[in-house]
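So that we are looking at the same thing, I have put the structure below in C-alpha cells.
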Amino acid sequence: MDYGIYQDKLTRIVTDIARSHSLWILAYGTGCGAIEVPATMTSRYDAERLGVRGAATPRQADVLMITGYLTVKTLKRVIRVYEQMQDPKYVIGFGSCAVNGGMYWDSYNTIKQLDLYLPVDVYISGCMPRPEAVLEGFAKLQEQIRAGEARGATKYKDNLDYYRGNQKKIIKNWDFPDYNW
Amino acid sequence: METFLEKIKDRISVNFELDRSSIDVERKRVDVQIKKEQIPSILRYLKENMNFRHLMHASVVDWLEEGKFEVLFMLWTPKEKIRVFVRTKLDRDNPVMENLDMIWPQLNTYEREFKEMYGIEFTGLVAPEEFILEDWEGPPPMRRDFDTEAYAKDVFSERIGREDAQDVRETIAKRSGEVIPDFAKKHSR
Amino acid sequence: MNIIILILILFFLGAIITAFSGKISALVQDILFLIVLVVPAVLFFTGVDMNTESIITFSQAQLTFGMTPLSYYFSLIVMGLAVLAGFYTVGQMNGKKRKGYYYLNYILSIGAMFGILMSKDFISFFIFWEIMTWASYLIVIYNGKNVQKIGIKYFVMSAIGAYAMLMAIVLIHSITGSFLITDLISEYTGMTQGMQLLIPALLLIGFGVKAALMPLHIWAPDAYSNAPMSYTAIFSGALSKMGIYGMVIVFLSLLSKVPEGALIRDIVAWLAAITAAISTLWAIKQDDAKRLLAYSSIGQLGYIIIGVAIGTPMSIIAGLFLAFMHGVFKSALFMVVGAVEKQTGTTDLTEVTGLIRKMPWTFLAALISIIALAGIPPLGGFVGKWMLYESLILSDHFMLVILVFFSSTAAFLYCYKILFGFFLGQEEKEWAHVKEAPAIMIVPMVILSISSIVLGTYPQLILKPINAAMMSFGLPDTYGNLWKESILFNKWGNQIALAPIMYGIMLVFVIVTIFLFFRNRSRTRYVTTKDISTSGEIIKEHENLTFSRGFFQPFLRAVEPVMKRQIDKYMLSFAKGVEDLFEFTRRIYNGNGQTYAIYAMIFLIILLMFGKNLLG
Amino acid sequence: MEGILMSILGAIATFLLAFVVGMTYGGIRRKVIARVQNRYGPPIYQNFIDAFKLFSKTTAVHHGAMHLLGPAFLMVSAVVALMIIPVLRDNIWFTNLNFKGDLIFLIYIMTFGPLGMALGAGQTGNPNSAIGVTRGLSQMVGFEIPWVMALVALMIKYNTTSVVDLMNVQNEVGQWLIFQNPFAFVAAILASLGMFRYAPFNIVGAPTELASGPASENGGKFLFTMMSAGSVFAFVKLTLLVDVFFGGASNLIELVIKTFLLYMIPVMYGVVNPRYRTEQAVTYFWGWPLLFGFLAIIYSVYF
Amino acid sequence: MVGSPVLFVAIPLLAAFIIPLTGMIWKNSVRIIPGLVLAFMFALSISLMGYVSEHGTIVEVIAGWKPPIGINLVFSPFTGFLTMLMTFLGFMVWLYSYKFKRNVDFEPSMKYFILLMLLVTGSVGIVLTGDIFNMFVFIEIVSISGYGLTSFYTRRDSAEAAFKFLFMGAIASTFLLIAIMIIYSQLGTLNIADIAEKMPLMDNKLKVLSLVFFILAIGVEAEIFPLNGWAPDVYTQAPGPIGAAFAGIVVKAAIYASVRLVYTMYDFGGAFDLFIIIGLITFIVAETTALRQDRLKRMLAYSSIGQMGLVMIAFGIGTKEGVYAALFLMFNHAIIKSLLFFSGSYLVFNKKNKYIKHVNGMGKYLPITSVLFTIGSFAIIGLPPFSGFWSKLAVLTAAADSKMVILIAVILIISILEAVYYLRVVNRIYFFDKKEKTETQKPSINALIAMICLGIIVLVIGFYPDLISGYLDRAATDLMDKGNYIKEVLTINK
C-alpha cells in the first residue's frame, strides 16, 4: 500500500485502526447474494455497529462486495468499478458462485475464479452465506486491515500486467481507460 | 366457450392456410401452426381484425431431432381473454425469418435475443448493439447442440478443487439416498 | 463651443461617418468606431463638470444641456459600458454582415443616452429618448428573426411609454409654461392634486417601459435576447438604466414632496417586487442563455426600482448602487454569452456543455459575475442587496422583503443553470474544437468582473457620487455616516468598515483555498469528465450524460400555478380584440357610393339637429 | 501582533469547537436513528473515525479546477459563517469577526458554500451530481421563504438585523423570543428541517436514488472536507437558532444543551419519515410553514 | 413687389390653353411647360412672401372693382404660406411624375400635366381668393381636374373611383351653391371680409343653416368623416403622385376654406367644438381603419385622412398655439405624406393590387427609396428628430394649454396605432424576404431628386424647426386677427 507521507509506524497503526472501523461498502449486487446484504445491515444483525456502512459510489467506498455469480458482462463492470475506487480498497467475494462458480460451474459465461481478475481479500462461502457469515467476513477483513495484510490495491497495482492479461483473455473488446492510480 | 374458440379457429383457418390447429378449452386458447411466410400477415390480421392486441410472449424451441426451430408467438385479447398461439417452424440449418418489430415494437427485443441465443436471422432487423452476450464469439449458446461444459472448460479456468466436475444433483442424491429416475439423468443438469 | 454639445455632435457625426466608412475597409471602420466611443468618453471625464451648461433656443422650446450629480453618476455607467462593450463589439462583430448599420445605431443610441443624461429640459430629454428608442429598435431587429412580432412589440411598448411621457411633458408645459425639469420640480407642490398624481404617473409609465416594470415589460425578454449580445450588454446594462434615471428624478424630486406620492410609490414598489419574483421564475424556465439573462435582467431591474421607489435614503443608495452593479455584472454576463455564441454558434444551454477547459477566461468572468449577480458576499452585488434588505426592514416593508428574498433565492437556480449549462458538465466531442474567444472580447469581460470584486470591497468608490447625487435632491449627507444609519457596522463606528469584513472573508478564502486546492491539486491527477462512476458502465465517446434538459422541472411543477398566467398572453388577446374592433370600423367604408351619399345626408341631418349648439 | 495571534488562535478554537460538536451530534444522530430502528447502532465517535479514514484515504483524481474548488468553497462558507455568528453571549471568547452578527449576511454567506459545491459537483460531469444540485437549489427556494419570514418578523419587531441585538433584547425583557413570538419559532424550525437536509428532505444526496448526488464523484479528502464543513454548518445553524430564539448561551454547557435539544427536532422528524419527492419538498414549505410565517409577521406587527 | 397674386391664377390658365398648341409643335413641351409654370408660381410665392413679411398683406383687386363688390385676391402671411407650400408641392409632383411611367401615351400624358397644373391652380385660387363665389369656382376647377386625374388610367376601377368622387363632389357643389345663395340673399355680398363684417346682422337660424351647408360642401374635399368615402378609392386608383397632390394640396385648400369660414366669416364659438368633434371622429375612424388595410396606398390614404382630422382638431382648439400647431401639421403632413406617396409608389410599382406584402424585401433592391420611405414613416409617427415630432408636440402643447387632457390622451393612444401600421410596412421592407419574382422599377433620376428634396426637408426641419416657425407664427397671427383681415381688405385703396 502506498502510504505516502504516513511512513511513521504509529500513524500507520492509527490509520489502520480507523480504516478497519469504517468500512464503507459498495455492494455490487450481481446475483442473488444481494438479498443478504440488507439483512446484514438492518436491525437484527446491524453491521453498522462495526462501522460498516453503505456507500453510494465507488469514489467513496472502501470495500467492494461481489455478491454472487459473475458473468463476463458483469465482470467488465466490476473491474471498472474496482478501478474507480480509491486506495485503500478491499474486495469481498461473497457466496459460492464468487468463490468457484458454484452451481454455475459449467455455464458458458460465468467466471469461476474471481481472484484471477481482481485481488480478493476475503471470500465468504455459502449459498447463500447467512448474515452471521457475512459479519464474520467483515470481522476477518478488519483483522487483516489491522494487521496490515489487506493490501489488495497495492497488489493489483504492482501486478497490473498479470491481472490485465487475465482480464483481456475473457474480455475480447478491450475499451477500458488506463488505470490511473 | 368451446364453440367460441372453434369459431375463432375457423375464422383464422378461413383466411389462412394452416398447417395444424387445435383448441384448448381449459386454458382458453387456440393453437395454430403456419408457414413462416405467412407469419407477418397472420399476426397483423390477428392484431388488427380480431382484437388480439397484446403480444404476451415470443419464444423459440429447438427441435434438434427434427432439425427445426419452432418460433412461437403468444397473443392475447383483453376483451374475451383468449390466447392464440401462433407457431412456425424454421429450418435449423438456415433459420431466416422476416423482421416483425413494426407490428409490435417490443418484438425487437425478442428478436435480438433469438438472434444471439439461437442464431436466427431476422431480415431487416435493426439492432443497436449486443443484447446480452457482449463480445460473444462462440456459437449461439442456447442451441441444444452447444456443449456448454466443454466451452466453459475451454474458456474459463476452473478453481482447483472443482476438477472432479461432479454433478451436483447426483452428489446430493448420493448423499441423501434419493433415487433419480432414468429420464432425468441425462439432461437435467 | 460647449463641451457637451461637442460630445453630442461627435457622437452623431461619428455615427454617420462610421457607418459609411465600411466602404473603405473594415479595419478603418472598427478603428473609427472605437475612436468615436473613446474620444467622447475621454472628453467627458476630463472636460465636463457640474457648471457646464449650454442652451440652444428654438421658437418652440429651449434645449438646455448641463450635468447634475445624478446624471454624472449614470453617465459613469453609460460611458464606461459603452467603451468596454465597444471593444467587445469590435471582436464580436468581426466578419459579420451589415456592420455599418449596427455601428451606426450603436453609437446613436450611446449618444442618445448621453443626451438624455445631459438634458435639463423635457424636450431634449424626449428627443434623445426617442432617438435611443428607435436606434435600439433598429438593433433589436438586426438579426431579422421574428421581426414582426418582436420588433413591433418592443416598438409599441416604447411608443406607449413615450407617448405617456409626452403627455406628461405637455401637461407640465401647460402648467408651468416651461419645459425645464427644475421648473417642474419647483412648481410641483403648487399644482392641483390631480396633476400631482397624473404627471408622475404618466412619467412613470414612460420610464417603466424602459425599466421593464411589470405590466410594461413584455417586450423585454424578446428584445434583449434578439439583439446581438454586444448590444444587449448595453441594452440591459445602460439603456434600461435610463428608465431608472427618470424614476429617480420622479420619485425623489416629485413624489417625495406630496403625501399622496406614497400611494404611487407603494404601487410601483409592489409592481417591481412582483416583476422581480415572476421574471425570476421565468428565467429559471428558460433553456436559452440569452432569454434567461433577459428575464434575469428584468428581475434585477425590479430590485433597483424597489430601492428607488421606497424612497428612504438607504434604499435609494441601495437602488443606485445596484443599478451600477447590475450594469457591471449583467453586461459581463451578456458578453460571456456572446462570446460563447461566437465560438460555438449557439446559446442553447442544453446543447453546449463542458467549455470550462476550452474557455477558461470566459468562465472566470462568468463565475465572478454570477457570484455578484447572486448577491453573495464579498462581491459587489451583495452590498447593494444588503442595503436594500436593511432599508426595507427598517422602513417596515416586510412583505416586500419576503418577495425580494424569494426572488433572489430563486435567482440562485438560474445562476447555477447558466454556469452549469455552458461550462460544466461532460465535455462533448462536438465542442472539442472550441477555442477561447479573442482577447479583445475577453479583456472587457475581465475588467468588468474585476470591478465587481473591487466594488464589493470598496463600495465607497461609487458611494461618493451616489451621495453627491442624493445631496442634490436635498437628502441629507449620508456619506460620512452612511453606515451609522445601518445598524450593521457600529462596531467600527462611523467609518466605512465593509473592508475588514471582506478582508476577513477573503483571508479565510485564500487560506482554505490554498490549503485545499493546491494541496489536492498537487496530489491528484486530472481525469476527463467521462471517467465518472456510472455503475461500471464505460462511457463511449459519443455518449454525453450531462443532465441539461428539464433542469428545474420539479421546481417548475411546484410553481406552475403562478406561471400559468402570462401578462403577455393577456395583452396579446387584448390587442387582438382591439384589432377586431377596428375591423368593424373598417367596414364603414364599404366602397359603395350610395352609402357614402347616405352618410352625407345623415351627417347633414345630425349637423342640423345640433345646429343650435353651434352658436356656442 | 499579539492581538492578531490571539484572534487567529480564537478562530482555530472556534473551528475546533464547531467541528467537534458538529461531528459528535452527527454521531448521536446515527445512534438515535439506529435505536429507533431497533438496532444497536455505531458508537457516538463513529463520525470521527469516518472522517479520519476519509482524510487518510488516497485522493488520486480530480475533474478540473472547479472540482477542486467546490469543497473549498463549502469550507470557506462554513468557516466564514462560523466566524460571524456570535457563539456565546456576553463573552469575549469565540467572537471572531462577528460585528454583531448580521442575519442577512449570515443567510447569504451560508448559501455561498452550497453554491460553490454545486459548481464543483457540476464539473465532475456526473449527471447525478447535477440532479442533486438542482434538487437542493429548489429545496432551498422552498425553505428560505418561511425561514426569512420568521426572521423578518423578529427584525421588524425589534428593528434590528443583528443577532447580538436580538440576544440583548431577550436578556433585557427576560423572556426568550420563542415565547414572545412562538409563530416565528414554529416557522423557523419547520424551515430548518429543510435546512438540515435530513429525511424527509434528504432529496439532495439521496444515496439510493442519486448515488449521493453532488458528492458522488468526491471521495477521500474531498468528502472529508464536505463532511467537516457540514458538521460546522450544523453547528452554525443550531447556534443561530439558539441565539435568536433561546436567548443565546452564556457558557458552553448551556450552548451544548440548547443546541442538542434543538438538534433533536429535525433528527426525530427525520427518523419517522420517508423521503419526499422534490416538488413535495418544495411545496411543503409553502404550506404550514408559510402560514406560520405570515402569522409571525402579523403577530409581530400588530401585537 | 415682384409680381402680383393675379399671376397665380392667370399664368396657369393661360398656359393650359397654350399647351395643346405647343404640343403639336414640340411633343415634350406638354410635359415641360406645366413644370415651368409651377416653378414660376413657387418662385413668385417666395418673392411675395418676402414682400409680405415686410409690408404686410397684399390685397389684389381684379379688374379694378374694389371690394366688397369686386373680386379680390388676398395674399396674407397665412394664405401666402399655404400658397408657397402648395406650389412647392405642385412642382415636386411635377418633377416626380416627369418620367413616371414611360409607357403612358402621348395623349393621356398631356392631359395629366395640364390637369395637374389646373389642380394646383385651383387649390391656390381657393386659398388666395377673398370671395366665396370665386372659391366655389376654384373648388369646381379642382374637383373637375381631380375627376380627370382619378380616371387617368382609364380602367374600370379608376372610373368607379372617379365616379364616386364625382358623385360626392356634385352633392358638395349643390350645397355650396345653396349656402352661397343664402349668404347672398341675406347680406347681399360675396366678399368674405364684407360678409364677416355684416355677419352679426344675419338671422341665427339661417346663419347655422348656411354654415352647415358650407361644412357639408367643403367637408367632402377636406375629407372629414363621414364625407370621405371617395378618398381611399381615389388615392388608390389615381397615379401615385396624384395621391401626394391630393393629400398635400387639395385637402389643404379645403381645410383652408373651412378654417376661413369658421375663423373669419362666422362669429360663433360652437363651431370650434364642432371642429374638434369632427376632427376627433375622423382621426379615430381613419387611423383605426388604416390599421386594418392590406394595400399600401389605401393605408396611406386613411393615414392622410387621419392627419387631416388632427389638423381639424388643432384648428378647433382655437388658440393661437392651436393654429400654429395646425399650420405646422399641415406643412409637415404635406411634405411627409408626399414623400410617402412618392416612395411608396415605387415600392409597389408594378403590382396590380399594390398590397402591403409587395414591399417585402425591397430594402435590398431599392435602397434609397426604402430609406426615404422609412424616414417618412418615422417622421409621420412623430419620432424625433424628424419634423413630425415638432408638429405633434405643438398640437399637444396647444391642447394642454387649453386643458384638454382627454383629447391629448386620445390623440396619443391613436398615435400608437399609427406607429404600428407604419412599422409593419417598414419591417416588411427590410426584414422580409422577397417572395415572388416581380420585376422592380428603379426610380428615375427626377423622381429621386424630388424624393430626396422632400427627405432633406423632413430632416432639416426636424433638426432645426426654426426655419419655418417664423412663417408659421406670422400666419397664425394673421389668421387669428379677424379684424385686421376685414380692415385690410375693405379699406384698400388703389
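Each chain gets a letter, A, B, C, D and E, in the order it is written, and its residues are counted from 1.
Here is the rule we use: a contact is a pair of C-beta atoms (placed from the backbone, for glycine too) under 8 Å apart; a residue touches a chain by one contact, two chains touch by 3 or more.
This one's a predicted model, so the numbers in the text were calculated from it and none came from an experiment.
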Return the chains shared as contacts by subunit A and subunit B, ordered by label. none
Count the smallest number of chain-to-chain hops linking subunit A with subunit E, moving only between touching chains. 2
Leaving every chain except subunit A exactly where it is, which of them still form connected groups? B | C, D, E
Any idea whether C-D or A-D has more C-beta pairs in contact? C-D
Using the mean of all protein Cα atoms as the middle point, what chain has its own Cα mean nearest that point? C
Which chain is most remote from subunit B in terms of Cα centres? E
Please tell me the distance, in whole Å, between the geometric centres of subunit A and subunit D computed from their C-alpha atoms. 35
CA centroid of subunit A to CA centroid of subunit C, Å: 58
Centroid distance [mean C-alpha coordinates] between subunit C and subunit B, Å: 69
Approximate Å spacing (C-alpha centroids) for the pair subunit C, subunit E: 45
Counting only residues that touch at least 2 other chains, which ones in subunit D make the list? 59-61, 211, 216-217
At least two partner chains per residue is the criterion; list those residues in subunit A. 57, 59, 76, 180-181
Touching pairs of chains, all of them, please. A-B, A-C, A-D, C-D, C-E
For a test of understanding, state which residues of subunit C touch subunit D in their complex under the given definition. 354, 356-357, 367, 371, 374-377, 382, 385-386, 389-390, 393-394, 396, 398-399, 401-402, 405-406, 409-410, 412-413, 415-416, 419-420, 424-427, 487-492, 497, 500-501, 504-505, 508-509, 512-513, 515-517, 520-521, 523-534, 545-548, 551-552, 554-555, 557-559
Which stretch or stretches of subunit C touch subunit E in the complex? 58-61, 123, 126-128, 130-131, 133-134, 141, 144, 147-148, 151-152, 155-156, 159-160, 163-164, 166-167, 170-171, 173-174, 198, 579, 581-583, 585-586, 588-589, 591, 593, 595-597, 599-600, 602-604, 607-608, 611-616
Sort out for me which residues of subunit A touch subunit C in the complex. 28, 57-59, 76-81, 84, 175-177, 180-181
Can you list the subunit D residues touching subunit C in their complex? 59-66, 68-69, 71-72, 75-76, 79-80, 83, 97, 99-100, 102, 104-105, 108-109, 111-112, 115, 118-119, 122-127, 130-131, 133-135, 137-138, 140-142, 144-145, 148-149, 152-153, 155-156, 159-162, 165, 211, 216-217, 221-222, 225, 277-279, 282-283, 286, 293, 297, 301
Could you pull out which subunit D residues touch subunit A in their complex? 30, 34, 37-43, 46, 49-50, 52-53, 56-61, 205, 207-208, 210-212, 215-220, 223
